[in-house]
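Following: one structure in structure tokens, then a few remarks.
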Amino acid sequence: MSVLIFSIHWQVMVVLLPLAGAIACFLWPRRGVMLALVCALGTTLSVAGLSWLVVVEGAQRYTVGGWGAPLGIDLYVDGLSLLMLIVTSVVGVAISVYANGYFERSRARAFWPLWLFLWGALNALFLSADIFNLYITLELLGLAAVTLVALAKGAQPLSSAMRYLLVTLLGSLLFLLGVALLYHSSGSVDIAILAERLSASPVVWIALGLMVVGLLLKTALFPLHFWLPQAHASAPAPVSALLSALVVKASFYILIRLWLEIFPPNNFVLGQLLGLLGAAALLWGNLQALRQTRLKMLIAYSTVAQLGYLFLAFPLANIIGWTGALYMLLSHAIAKAAMFMAAGNILRFGGHDSIADLDRIVQRLPLTVTTFALAGVSIMGLPPSGGFVAKWLLLEAAIRSAQWWWGVVLVLGGLLSAVWIFKVVGYAFTPSPVPHEVRAVPASMEWSALALALTAIALGLFSSWPLALMMVGLPFGEGGGS
Amino acid sequence: MTLLPLIFDGVLGFTLLWLAWQLLGSPDLFRAIVLFIAFGLLMALIWVRLDAPDVALAEAAIGAGLTGALLLAALARLGPPSETASLDNQGDRASVAEGGGLPFRRWLVALHLVLACGLGYAVMSLPSAAPGLSDAVANSLALSGVSNPVTAVLLNFRAYDTLLEMGVLLLALLAVWSLGSTPDAPPDDQPVGGVLALLARLLTPLLLLVAGYLLWVGGRAPGGAFQAGSVLGAAGVLLVLAGWRLGRRFAQLPLRIMLVAGLVLFMAVGLFVMLVGGDFLTYPHASAGGLILLIEAAATLSIGMILAALFLGIRPDSRADQ
Amino acid sequence: MTFFLFFALVGIGLFTLGLYAVIVHPHLLRKILAVNVMGSGVFLLLVALAKRSDSVDPVPHAMVITGIVVAISATALAVILMLRVKGETGRVKLPETPQE
Amino acid sequence: MSWNSALPLLVLASSLFPGGVIFFLSEERVVTRTVLNLAGATLKLLLVGVMIWGVFHGEPYESRLPLLPGLDLVLRADALSLLFVTLSAVLWLATTVYAIGYLEGSPNRSRFFGFFSLCVTATIGVALSGNLLTFLLFYELLTLTTYPLIVHRETEVARRAGRIYLTYTLAGGALLMVGTLWLYTLSGTLAFTAQGFLSTLASSEQSTLIMIFVLLMMGLGVKAALIPLHGWLPQAMVAPAPVSALLHAVAVVKAGAFGIIRVVYDVYGIQFAATLGVTLPLAVVAAVTIIYGSLRALFQDDLKRRLAFSTVSQVAYIILGVAIVGPIAAIGGLVHLVHQGVMKITLFFCAGNIAETLGIHKISDMNGVGQRLPWTMAAFTIAALGMIGLPPLAGFISKWYLGLGALEAGQGWVVIVLACSSLLNAAYFLPILYAAWFKPPPERWPAERSFGRQETAWPLLAPPLVTALLTVVIGLLASAPFSPLQWVHFITTSEYLP
């Protein structure tokens, strides 16, 4: 058994299985659902195998083509990348189950191969240790995501997909320009080699600046978030879920990778600036969320806000802060996916998602409301939930590094999000005299969303395992934990 | 350095910038696209000047040719040029108004100037000796199975990039097919007679021949799967323009198999060598040349088909579906 | 100044021109053209700087070929989206205010 | 897992599990729901009984789960936590019986009883918390589980009250979290320890510790309804009567008061807190709250609102007892935790009965109620007299010890406060009693329901009678073994004697 586990090249499986699944779904569209579910399962198992490998043997470097950096391309997996892969699998399986109930046949035919392509792109991105390879995975990811947004019917999804496409291309090109400059100043595109060879020079700073701006554009950090709310709100519900949960996180992942590995050490000002933008995102996103009249738009603005939390780790710049931000990423991914799925259920059930008229709907969908409320607990950061653990760690980092003002922002953000969450949950406690015209919601849609929300809660009770996992390979550097 | 190449380079570079300026500012979209094609051809010339013949081939075929054709076709589908031009002009004025007017544009221009100066400074401050990978490539070239270093990088050293890139291409096709059922789908379903058909009939065999040659020679000299594939794609575009369509029988699974053949074979070879005992995509040195040619052959076919299909813009069996 | 540095600077010029055009031109086709020009600028920079060594560095060449293929894929998607936007809204530009 | 480490978890599970199951029951399955509720409550009482016996004989009960790096979720039964656990368990049983009768035939009962059980689970969790983090966790859970109970009636007023409640408690929870975390970064531990764990810290940290104390008190003071953080409590009166009973006597306000006790005794340590100089301001706030609450109660015509302001005042007694540094006052404060609970729940049960049976909500309509509902009003009278502090009822014991303790600690002003408060108590309770017993009843009651020969339904009548009886018994038998007073003596001698 263990021989088998160690002899299979799980890294390769993790990337190739979704791609192969996408091709299979393309070839035999009528079998799409079955193929996709099998593939989702296989990918998850591969991630599990890879986790086993990494937990037992530590961080892994894999040379594709046998050449090794700088000539060839390396794959690198440590606790940080593994955690991203696991989140992707967890959310991915739930979204696959959910989408099975969500799409009718004609759109399902388009959805499955695109979604599997996106999954493959995500996995390739998290594994890559090569910045040019990262560019290609970014493009793969971006094109798949844009097309998925455009799968929704109507003019608005198309417009927002178009805007999203332009933004993501712009981001990729900025990133690529940075890659070009880094290659020419160091002669390699491998992250580890870059880390050795780069020193703080104007070229390096300009290159990194370009890459950071490109990635921030894709991560939709305030004030570059202008494209996100509409794109995430107008996409089909499972797509909204995976965009908010995973796609924006992918570019953030690259950002922290670069920050931790190849950024010159004296980056205090940039860190403070990122933190400031994060704080602004947190407050602005939540305030905008309060103003929204449509549920999905509200949730999308909350994504803008929650992304702000992630950037608070940059000024804190200690291990507790990074683990906090990563834990936030993890729990937000899961909770937000659950929330968008719940919104999808509500839309399916009542045919609209206007917040003012929710009272007629939510009382008839107790499971969905529970999902929303549980996910909301995590997003507010109340115990016991993943969001609480993340906030605790970030707050601890803020106090320990004597930068209490970030703590104030953290607390304020949590309270603001409570306002809109309870605004929605409150409708569950409103009598609904008029029976509304309803469509049944498939059980798979309700239960997959609830499963994710429960996972977000469980993350608050069993945090030691993911926290230990993300330390494999010391992605955040040496030094004592808490 | 003699004066002549200097003047030549200067003219090339400034013309390129001028073309970009013109094509981005031209009120007439048709003219803009034509300028864009010229821009692509000029780029190809510069690639040659920079000792990058492989890039030049790819640029000429894909960057200038196919992209230009794609854009022209899109323009045709957008509607009569006069209407779009006027709409566009209105749009231009509107954008000045919405963006905060002239001050906004001034700020933007200033910002871009700063950006350009910063980037220029960065480039000028690079060390004059390039620490690139040319030596590393040269040292390992003998083991790669091909003698054209660009092909060696594309299909051996950084084959994983290329594999993912084939994925991007296939994904683009998937995307276009998923979204492509526009109400104003291309009207040109009836065969076009006359010059175009004749041209297509004459050129297609020639292009096929060129594609085959580029594929074969790619291991040693400039050329390879992408260049060959794009030539094949050009042939396909020509056939599409001439009104030729794939038979219903082939438009289903057989077509799809051809479209994915390149990627599937690539992955299969990568996995096969992994089973034999290496890492993913680690070709045994002895059989590397053959495996690369195999992959390239399938890739050429798929790339050509995909490019042509991208140009067509809709699923060939979409009518059969409804 | 050597000629490859000159071409690298031309590349930067193209990149900035394209970036400016993407931002100010509302017509989608022009935005697509602008993104392509930006891409060409990056490619030019990538290859021109590789000329600094005497022997040719093929890695940037391969990267640019990859980039060109990615660019046409993105362009194809952009074109089809543009046509769909035109079909749905009757206009070839994005709605003005992204909010609401 | 041994029996000793499983027992605290079992105590939690005995209400968590029924709660979880009840959510999925359909509305009509009244019998299943009732059986589950009562079985859970009874089982909990039994388990708590076992724990009392064990703790008295020195058995340690502790469960641990890893929660955060370096911090565990700790559930531990010590004498103090058992005081609160027992109170909650006993009163939960009473309230469950009452709620079954009260809500008979109303909609959404599965939801109600589900959250009701979760709420008790959270309260028990608060009581059993072995460190400040666990306390915080259950404290926030309590907020979340009581919200659905407050808005249960689904009216606009109820939702407004719910929003106000959340605004106060979530903000308070956030302050508590910041304080807890700050404390953790200073001390590296959060485990409740007798005499506190902070006195060893460097004296340079003193001003920080005072700041943290203020943060914690603000966080806990919200739920304990110390002024000026009491605004939510009168609003929450729109909740159904059993919820009010639970909120005021057991769950929310007591969780806040209990937290203050824990922080002062087991985090800071009473001596250290006194050296920091934070106890006197706390005592003053408590005293002001006592007087202010009583004064406000005096001018309320709505019966439940008057009782609510009475709670504001009475809970502050507990805090006052803690803040007067001295063992005797501590006994008075701690025992009032129990006594106030028993008396106040009686009053709310009775107010609920009056509203349900006769449709009366206002004190000005209560003329002659005693003739129509003699048993209910008898219970009400006993509890009200207890509140005023009439010997030998429960309230007298608390006030007696508080006064003695204050004198012993040299804080004579407290006695004046107590006297004023007793006068005010009398001023707002006696008119009710007078009107109910001695004024003639009106021709017709506003909305009378008939229950045959009984004055009202049995499930509504039995709980207040039992709790009223308890008020008498714990007052009369204050010196019997295992009475609350003796148990509090046990707490103070075994753990707190400074």
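The chains carry the letters A, B, C and D, assigned in the order they are written, with residues numbered from 1 in each.
Everything that follows uses one rule, which is that a contact is a pair of C-beta atoms (placed from the backbone, for glycine too) under 8 Å apart; a residue touches a chain by one contact, two chains touch by 3 or more.
Here the structure is a predicted model, which is why all the values come from computation and not from measurement.
Chemist: Could you find the two chains linked by the most C-beta contact pairs?
Modeler: Among the chain pairs, B-C has the highest number of C-beta contacts.
Chemist: Subunit A to subunit B: how many Å between their CA centres?
Modeler: Once rounded, the distance between the two centres reads 31 Å.
Chemist: Report, in whole Å, the distance between the mean C-alpha point of subunit A and the mean C-alpha point of subunit D.
Modeler: 43
Chemist: For subunit B versus subunit C, what separation do you get between their C-alpha means, in angstrom?
Modeler: 12
Chemist: I'd like to verify one number: the distance from the centre of subunit A to the centre of subunit C, where each centre is the average of its C-alpha atoms, in whole angstrom.
Modeler: Chain centroid spacing, subunit A to subunit C, equals 27 Å.
Chemist: Give the residues of subunit D touching no fewer than two other chains, as numbers and ranges.
Modeler: Residues: none.
Chemist: For subunit B, write out the residues touching at least two other chains, lowest number first.
Modeler: 119, 123, 126, 130, 132-133, 137, 157-158, 161, 165, 168, 171-172, 175, 179
Chemist: Can you list the subunit C residues in contact with two or more other chains?
Modeler: Each of 15, 19, 45, 49-50, 52, 59-60, 63, 66, 70, 73-74, 77, 81-82, 84 in subunit C touches at least two other chains.
Chemist: Going by the touch rule set out above, what shape does the chain contact graph take here: line, ring, star, complete or other?
Modeler: other
Chemist: Of all residues in subunit C, which touch subunit A in the complex?
Modeler: Residues 15, 19, 22, 28, 31, 35, 38-39, 42, 45-46, 49-50, 52, 59-60, 63, 66-67, 70, 73-74, 77-78, 81-82, 84-85, 88-89, 94-95, 98-100.
Chemist: Residues of subunit B touching subunit C in their complex?
Modeler: 5-6, 9-10, 13-14, 16-17, 20-21, 23-25, 29, 32-33, 36, 39-40, 43, 46-47, 49-52, 54-55, 58-59, 62-63, 66-67, 70-71, 74-75, 77-79, 84, 87-88, 91-92, 94-95, 98-99, 105, 108-109, 112-113, 115-116, 119-120, 123-124, 126, 128-130, 132-135, 137-138, 149-150, 152-154, 157-158, 161-162, 165, 168-169, 171-173, 175-176, 179-180, 182-184, 226, 303, 307, 310, 313
Chemist: Of all residues in subunit D, which touch subunit A in the complex?
Modeler: My answer: residues 65-70, 73, 136-137, 140-141, 143-144, 147-148, 151-152, 154, 158-159, 162-163, 166, 170-171, 173-174, 177-178, 181-182, 184-185.
Chemist: Provide the residue numbers of subunit A that touch subunit B in the complex, in ascending order.
Modeler: 9, 11-12, 16, 19-20, 22-23, 26-28, 62-67, 70-73, 110, 113-114, 117, 120-121, 124, 132-133, 136-137, 139-140, 143-144, 146-147, 150-151, 177, 181, 183-188, 201-203, 206-207
Chemist: Can you list the residues on subunit C that touch subunit B in the complex?
Modeler: 3-10, 12-21, 23-27, 29-30, 32-34, 36-37, 40, 43-45, 47-53, 55-66, 68-77, 79-84, 86-87, 91-93, 96
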